[in-house]
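Next up: some structures, all given as structure tokens.
In what follows, subunit A forms one complex with subunit B and a second complex with subunit C.
Moving on to the complex of A and B:
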């Protein structure tokens, strides 16, 4: 009983490094209320709720149960999904399957994180094996630095190339009222920011943000009544393929992206994604990924990422704008980050992205990154799939 | 709903301490057994759902530990954080969405490496409630007290459930805690949190479970003994304990009503042949039998004493020994599904309640004091 399914409404909070004015449940509720307002629905119209974050960042166990007062899940089916940084994208993929399955007509999907209440790096370290890897892994930054070093070594990319990616995203972020960081940076600003882990500098890296995102998925027949422009899910693909950190950080290539994108383009019948896709919201936690991973996605050959970046192909107004929202480098409430990517693509398809709108979006792709170098991808279309 | 079947099941032996096994080792064992049970290769698994909980595992992104051994390499995969019955639900929708023909679902926990009071204390509001010392056991003691007071249920009635389930666990080769005990033994066991005594509480075990779901076409190719999903639903109640009447289980009633509706069940006590429910404590089995409609509100104690829920009774509950017999936390509900499948197939050995089990119920819980419930109705016949 597979049914066509779309995102029909989205809501994002005011994203900031520390939201002292709200607790976790209130933060979640801010996004939920905005998504319901966007859909012109009330909580009574919603059949079920799925929610996700990373437990160790807020230190709250059974978040599906704890969040009921904010999520609106009282006396409704409520479930939690968590896959690390990919959580938000994982949630969007789950929203699709659960509605397409016929079990729910209208499903509320929530990603959130209140990073200010956490020690993010301390939390991330505990993802690794306690005996073999935990003594040597130091959170997300060091692993990404290893990957960047491997990429520099293998393909000759430079910190200046990476800085160009960062400048792009920060410039885009200035157009987004939801962006946490709105900085008009120059390449020199990035290159002179403090070193975090060589070669990564402060402005190469995403921040940690307090924020939430809520998205409403609906099935065909109902979706069209809620909005004149549903963002139809065309295909999903993901890979969470490794268990050990040391397997992946020195490859100079995101293998999960290679495999997932190959599957996604195959499902869409696309051979040249650079030409066919109109906009991408990429879970790009640091600048170097903006070159390396678009190669793995098949937008260009390995080693050609920097050229695409310098040619402005991925800038607003370019052939394939990437991260019109400013992306993860501007805003990163971790459990919400992947879902914000999907919500931003939905806004692009709905024509509701205001100053960050890419003209005439027919096909948009959102990605998630997290866990142990994992990838989740979703393709959305303006036209209802056949 | 399009027909979905369970085509393979596996579980480890559940023990107090599997010192020789990591999370991955346990899950691999259960997956291997489920694949062998179904007669499938891992390449016939279209996609994978793992279930885990970062707090119980003491690691963030806990699914990292078990993706590879669940056969997820090169496949689409996701992770539900909560009881395995919820993971199985998501796994089922990934087939119903038309995306995949089969889903493999795993769940596991290592109680021996967990600090239950600290882990479950973290489920409570960090400002107002954690400092009261609430954890799973103390909160459930409050619930037990409220339930007993409201309906006049006695500690002796609850003790009967302990006697029954521990005895049942003796005939379950995978159980952790099979015991031949008397009501008097339960009454005299160490008080843990009034009114709960040691033998009213489930142990915290090490173990893993796995099930494989398939659409009708694939199920019929894979096995000649598919077990069909007749109905399933889940529902969550309010969070704050003070916002609920703890003697009630409205969320379970609602989930059960929906699942019964899907399965066409009108008289659950008569139509269901066997139930595997989430008896983390003795009083919970009693409450859940009420919520599931096997008896009226407040009658769960009498039901237990009447012998109706014993292996030879008219509505056998937890012939496997339930959670009182083995409780690897996150796998708790998925093990109930495994046992329900084995009953329907007639493969439950000494636990088998009768030859011709047509409908079996499996039940899982998330959160504290039964805040969120998932109810599965499984059947021998697809119609």
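Moving on to the complex of A and C:
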């Protein structure tokens, strides 16, 4: 039987497009120190470290070794995880597994990226098959633009609908001092920003960011001593799909999200997630996903995403606020991005989200997205699971 | 220690080295490339369990987790399943050089196939590009056994 496990502390950098004042190790250290301060612990209290990023963005392999001065892993069990865009979410799931297994009591989990150190699109291209896909694809943007095009074709959604999602996240991001972009945009601003790849415009898309996030997981018995409000992990789900982009034929729907959601809601015993979940931090790399993937998550029927968005259901103050932090469209240090989602849900449950706080959060969900369209999901609760 | 922005350095790597990679294509993709290079033909592989025809071919059907061994000729025509026009330029990691824009990229499903091949789509009038559009491959004169032996797909008028 798995031990009950919670996030007890979080730390983030103030995310920016370029942090020339720090190298990667020093950036990581800022987040780690903040998480330790949040927990009122020192590195001596920590049993082990897991760290993750996407190697090809900095061109540095063996990041678990290279980052040791910054991570605090000196003379501790330390390892690295990398799963593409989902890296941060995978880190959180792995951190949970390691503590829930009984092998570690207090575990430090770090996600980071210095996306300014290389060309992000070029880096993402090197994730694809070198023989049949790499010479052709244009990173994340080409695939996401194709997905949006297919969704538009099938369900009649419009760029204006997508812009409404972007406006929501940017508005939310203005409340978050850690957000990289804090822009109070209008729908017209989004619709008049430069086209990157039809139908995606600049303000529909996430930025590339320098930033790091650290969270501390602890087991039952210890978690309650560190904080009066641990964010308990209730359930996780993740789904991988195919090796090749060419196999992802169902373009207007994210199959991995459909399947992971079914598992997650099943584990939680939830039939109507829109009514039961209090807040979602979604790995939504571009505005269109804010409509498509909430349908795949089961918040509404296929094709109804735009209506939910226009009705304000997912705004702050709505029935189910999505991305109070401003989400990925405002901040995207890729290896940290999925972990920031989990950290933000922990802050919501702990009641420490300041201006971006959703009132009385009992159940929150964070997601991860990456690679060949795969999905990670984690549900956190205020009440310790039975 | 007060510092000016100019005191903070970013160090660039050199872009003038040939990449030291030699990737194995395997039997299935070797033949796929050879058929294109030598005969301008496309072949896929059929899963004995789910019946899905994969193009490009591969040895294992991931969802069924069985080996596939039935080659099937597909195309030469196909349908645009989805597409986009790239309008921002980025550095191509294959060459280290910025990609010339705009260009169209899309997913083409050959007649007889169940998966889709990602490739460039050539167009004269971009308003004619659409999901469901019929296309045919245009080949390079000098073919080398690369996916770029297909220059692009072109709309059939």
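Methods note: the second predicted complex is superposed on the first by the 383 of 386 C-alpha atoms of A that agree within 3 Å, B and C clash if a C-alpha of one lies under 4 Å from a C-alpha of the other, contacts with A are read in each partner's own complex, and residues count from 1 in each chain.
Convention: a contact is a pair of C-beta atoms (placed from the backbone, for glycine too) under 8 Å apart; a residue touches a chain by one contact, two chains touch by 3 or more.
In this text the structure is predicted, and so the values were computed from the model without any measurement.
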Since both structures carry subunit A, what do subunit B and subunit C do when superposed there: clash or fit? fit
Looking at subunit A, does subunit C or subunit B touch more of its residues? B
Superposition-derived angle with apex at the Cα centre of subunit A and sides reaching subunit B and subunit C, degrees in steps of 10: 70
Which partner does A:123 contact after superposing on A: first (subunit B), second (subunit C), both, neither? both
If we overlay the two complexes on their shared chain A, which of subunit B and subunit C does A:59 touch? Say first, second, both or neither. both
Look at A:103 in the shared chain and tell me whether it touches subunit B only, subunit C only, both, or neither; answer first, second, both or neither. first
Check the residue A:81 against both partner chains and state whether it touches subunit B (first), subunit C (second), both, or neither. first
Looking at the overlay, does A:251 come into contact with subunit B only (first), subunit C only (second), both, or neither? second
One more residue to check, A:242. First (subunit B), second (subunit C), both or neither? both
So after superposition, what is the minimum Cα distance from subunit B to subunit C, given in Å? 5
Subunit A residues where the subunit B and subunit C footprints coincide 59, 123, 126, 130, 241-243
Could you list, by residue number, the parts of subunit A that touch subunit C in their complex? 20-21, 59, 116-117, 119, 121-123, 125-126, 130-139, 141-142, 145-147, 149-150, 153, 194-200, 241-247, 249, 251
Would you tell me which residues of subunit A are touching subunit B in their complex? 1-3, 5, 52, 54-57, 59-69, 73-84, 90, 93-94, 96-98, 100-103, 123-124, 126-130, 236-243, 259, 263, 370-372
Could you pull out which subunit C residues touch subunit A in their complex? 3, 5, 8-10, 13, 21, 23, 25, 29, 32-33, 54-56, 58, 62, 81-88, 90-94, 99, 105-107, 109, 114-120, 131, 146-148
In the complex with subunit A, residue positions of subunit B that touch it: 1-2, 24, 53-55, 58-69, 72-82, 86, 89-90, 92-99, 119-120, 122-123, 125-126, 233-240, 250-251, 254-255, 366-368, 371-372
